[in-house]
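Next come the structures, one after another.
Next come two complexes built around subunit A: one with subunit B, the other with subunit C.
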Partner chain A sequence: MLVTSLTRRAWLRAAGFASLASGVVGAARLSGQGQGGGTALHPAHDAHIMGTVGTPAPDGFNPTTFLQTWNFSDLPPEERARLYRETPRPDGTMLREYEIFSADREIEIAPGMFFPAWTYNGQVPGPTIRATEGDRIRVTFRNLGSHPHSIHFHGWHPPAMDGALAGQEVPPGETFVYEFDADPFGVHLYHCHTVPLKRHIHKGLYGVVIVDPRASRGSRPPADEFVMVMNAFDTTFDAENEVYAVNTVANAYVREPIRVTVGQLVRVYLVNLTEFDPINSFHLHGMFFDVYRTGTSLVTSETTDTIMLCQGERAILETTFRYPGDFMFHAHQSEFAELGWMGFFRAEAPST
Partner chain B sequence: MRILGHDLSRAVLFKVAIPFVGVLLLAVALPALTSTPTREVTLVARGMAFYIEGDAGTPNPTIEVKAGERVRIVLRNDDRGMRHDFAVPALAAAMDALRWNESADVIFDAPETPGTYQYECRPHRIMMRGVLRVY
Partner chain C sequence: MTRRLFLGVLPLALLAALLVLIVRSGPTDLVRGDNYPPVERLMFQRVVLEPGFIVASVLNDGPDQVTIAQVQVDEAFWTFTADSGVELGHLSRTTLRIPYPWVDGEAHLFKVLTSTGTAFEHEIAVAVETPTPGIRFFGIFTLIGLYVGVIPVAIGLLWFPFVKRLSVGATDFLLALTVGLLAFLLVDGASEGLESAGMLPESFQGVVLFALAAAGAYLLLEGVGAWLRARRQKVDAGRDGWVLALLIAVGIGLHNFGEGLAIGSAFALGEAALGTLLIVGFTLHNTTEGLAIVAPLARDRERVSVADLAKLGLIGGVPTIAGAWVGGFVYSPVWSVLFLAIGVGAIAQVVGQIVRQMTREGSVARMLATGPVLAGLFAGFAVMYVTGMLVG
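Moving on to the complex of A and B:
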């Protein structure tokens, strides 16, 4: 955040973000800046179009698929069985077993821009874990990376399962099994807790845990559900982020807006895993949403159009689209929005 | 081309020394090149596992080879952004790590006595490993 705007601008231009020299920008300039009478505009006003140019490789991480994937639900059955198994238990709860590994991988964070990430299961964010309150979660963690790593889960667990205490880092080539009950219900997170912590997290070692309330509490109403992780990347390793996003790829949901239906409840599991900047935020245009902080209550605490989250903080958001069309959402730190953390919902009338 | 001392020495280098070394290398490599492998296996590295090309259902399959036969393993790396290799450490057979979409091979002779040996991707051996069975 402290980098001068000049440096940022020069860097962004080099990185291929949209800024200048497009006919569309020219048209926007004419319509939006009409009273100058031919006066040359200063460069800042050329950047009327937000977003990136180009398309990331189609076989890489897919931010649209990630939105609605939990417990490896995007994989074909045999492949999924290698990474996730569920076994009913006598008390009606479920044993859920996960295979999570860390591995170094170059990931595409904007079209043509690569970042040497440390990943869980080759992706950033890592796979989303989803269980019902009271289920037993067993995670076999294998460190295939080049550095010591661990997994620290937010939620109730004994110290032996913390992954953050002295001696709990897992050296490369080693395995550790984390086991704990899914508790409390809500939206949580997991991340590497090996020092230097901010580096291990920002390199990509984090993911989301959704714990649904047990049936006796009553469940959340059916909705179109989306997992959104606010994250950022320090590509120059100066402890400042250059690219911001929700779900890793800058402006992914500008290129491919998130499809929703007018009148249908929408639920967002929002987690802030941005490093280096103390806070991040989510703002939705033209609408308001109900907030369930940490998701630990079935009663909303707040109705707003902008929510601020500290590092590691999270919330469930619920809303229903009234009108068809495109609805922008972005960090209300405008700088983050312009550096990639902006997207659209596209609401369509329900098919009859 | 001027015939000066320093040009001459370059000419010698290009016209004599390099071809000579080339022929020498060829002579050394010739036996390996001419002895055709009797067993060829094409593997794909994908999603932290090896697969025999065309069989996506069997991760890290057992590879069966006959005692004493010459084996050629071809590996293609299908994991974008990740590096993989193939090695049978007990037989000192290994290739350099491949980037995404790269292929390479390693040629080695199966031991004369039946037995099992671990093959692996060295950076990811705790997940990417299987059995080379010599029968």
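Moving on to the complex of A and C:
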């Protein structure tokens, strides 16, 4: 593991630099990944010999936590305050300020399998941003990576905030502040728009923006909410993906099913950020769900059990589990499903 | 005395110090830097198909450690176990056992993914169950060995009474024919051996291994020949023909071991459908080998007992059976290279022997230029070429 440990050392140096430069990094949060996790080999479960072996290192990116984290809600208050601040404005909206940095980092994408990623804040997907329609979003972006990067947000914004135009890439070591209004409501995305685009995206520079509708429209009903990013990794750099997943880690929700409650509304913010393959899809077993394409309407456009999304396309899915038990969900491209993009919901009866 | 010892040891001590310095300072690490990816090289050694399982032994042929993280079969992650762990140092190996429902007669592709995401692929062109060492396959391989090696050589030997009565010119033709046959086997074995050598892990330096094994076999047989001749001269002067026949038998036996190895492994790896035509080809091909063994006996008009003839036949033919067993059950490319090389060395030595015997009185060039010899060389080569076509 000589090389991995070297890489880890390099990473810790970068993380240290990040703390010094901006005082925004919780070292404990970042000191994890990169070391060879448990690749303890065991015979397969009886029924499912298909799939990955072993479990990822426990101190790395946690796909289960990611599902329900936005605006750094998983961090202790003090640490969170360094990365995220919200200030009420006279008109009743919020100013939401974020500290986002890019950094090179090895991430574990399947048990024991590491990928030299480019990340936002050390994780892939990057941190989820959540605001209410009309809020002001201000993102201070520091490039701590080894290449020029940028952030291109989907949503209404003037060209100066686009991040994709000539001269808008942020060189290593430099900072840029993106500022725009949260508009329209829906589920959106952000990603690096520096060329070569394919590499900057598939190396991991992307994340989700959720914009909730303003109160005057009538809000979406309360639900158990989950953020799911369909992504993939080309570990051999031949423009074909070796590993597919939802939220980065192959088969993460097979090892740890997503817990839901029978009778309780479930809402999934689904974003397709798969590179190289033109489309990805989501299929849920034994159930149907209401689709709100791009989340820009409060009225469902279709009810189905399989939805197809182009790269960059996204949708809000709503459903309610009728029965307790395990419900499989996966890409309905069998190839993707068998290469890691498959998981389970585990529905339990409501506790009385 | 102490001074001489010191002078002898000094360079060794300096060498050791240099090695320590290199390992400590790691000059390559200076070049590589912190984030330089490791050099990863995995070789598939032997891939065996059992009912419901793919069993693959892989070898780390690269300089750095390789950690196997995952396995994909036909574009799907698949569970596996590794009997010697998944962290492989330089030249260490492990056997991966993958519970995969492979389909008889179809192709499968499997990929080993390392901790860095590097993929190593192996294609199973035609999936067939690999024979396990059992009575049945033992029997089948023995039978194939008999058909291909022992019986054809024995049939070839039956020409002995006929060739014994031939004129001197005719036996010259016959010896030249033998040289032609052997020259063909020499080229054939060398090309196959070098091909196998190319497929070996780089660390095994296949071509060097081949060349040294061939040279070693040549020199060893040269020594054995000299020893046999010296021994024979005491007991029974003038039996050069017998010694030569014995050497040819040994050379052909070694070659046939390599041939058996190829047949057995092709059968075991499912890489070749071992059709009837292939067996017919080898049978015809090898009948001529029997002729090659008796030719020097005929030339010297020696009296040879049936038992002696049988002995020669067994030496030449039986190794095919052993080769088929080894190839079928414990095949590894290293064996194949080694035995093909030994066969090549042995045959080269035998060719040298025959040519020497034929030219006892004159120059090689003049001997080769005679009509019967030229015709014999050509005929030998042509027979092998045509029967070799059947083998494909």
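Note that the second predicted complex is superposed on the first by the 304 of 352 C-alpha atoms of A that agree within 3 Å, B and C clash if a C-alpha of one lies under 4 Å from a C-alpha of the other, contacts with A are read in each partner's own complex, and residues count from 1 in each chain.
Here, a residue touches a chain if its C-beta (ideal position, glycine included) is under 8 Å from a C-beta of that chain, and two chains touch if they have at least 3 such contacts.
The shown structure was predicted, so the numbers you read here are calculated from the model rather than taken from an experiment.
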Give one of first, second, both or neither to describe whether A:G122 is in contact with subunit B, with subunit C, with both, or with none.
-> first
Of the partners subunit B and subunit C, which touch A:F114 in the superposed model: first, second, both, neither?
-> both
Classify the contacts of A:T235 with the two partner chains as first (subunit B alone), second (subunit C alone), both, or neither.
-> second
Quick one: classify A:G340 as touching subunit B (first), subunit C (second), both or neither.
-> second
Which partner, subunit B or subunit C, touches more subunit A residues = C
Where does A:R85 make contact in the superposed view: on subunit B (first), on subunit C (second), on both, or on neither?
-> neither
State whether A:R293 touches subunit B only (first), subunit C only (second), both chains, or neither.
-> neither
Name the contact category of A:R142: first (subunit B only), second (subunit C only), both, or neither.
-> first
Where subunit B and subunit C land on the same part of subunit A: residues 114
Complex interface listing, subunit B residues touching subunit A = 47-49, 57, 59, 79-83, 123-127
Residue positions on subunit A within touch of subunit B in the complex are 57, 59-60, 78-79, 82, 101, 103-108, 114, 121-122, 142, 144, 146, 173-175
Where on subunit C does subunit A make contact in their complex?
-> 34-38, 64-65, 67, 69-72, 75-82, 86-87, 99-100, 111, 113-119
The subunit A residues in contact with subunit C across the complex are 1-4, 6-7, 9-10, 36, 39, 41-44, 49-54, 109-116, 233, 235-236, 242-243, 250-251, 335, 338-340
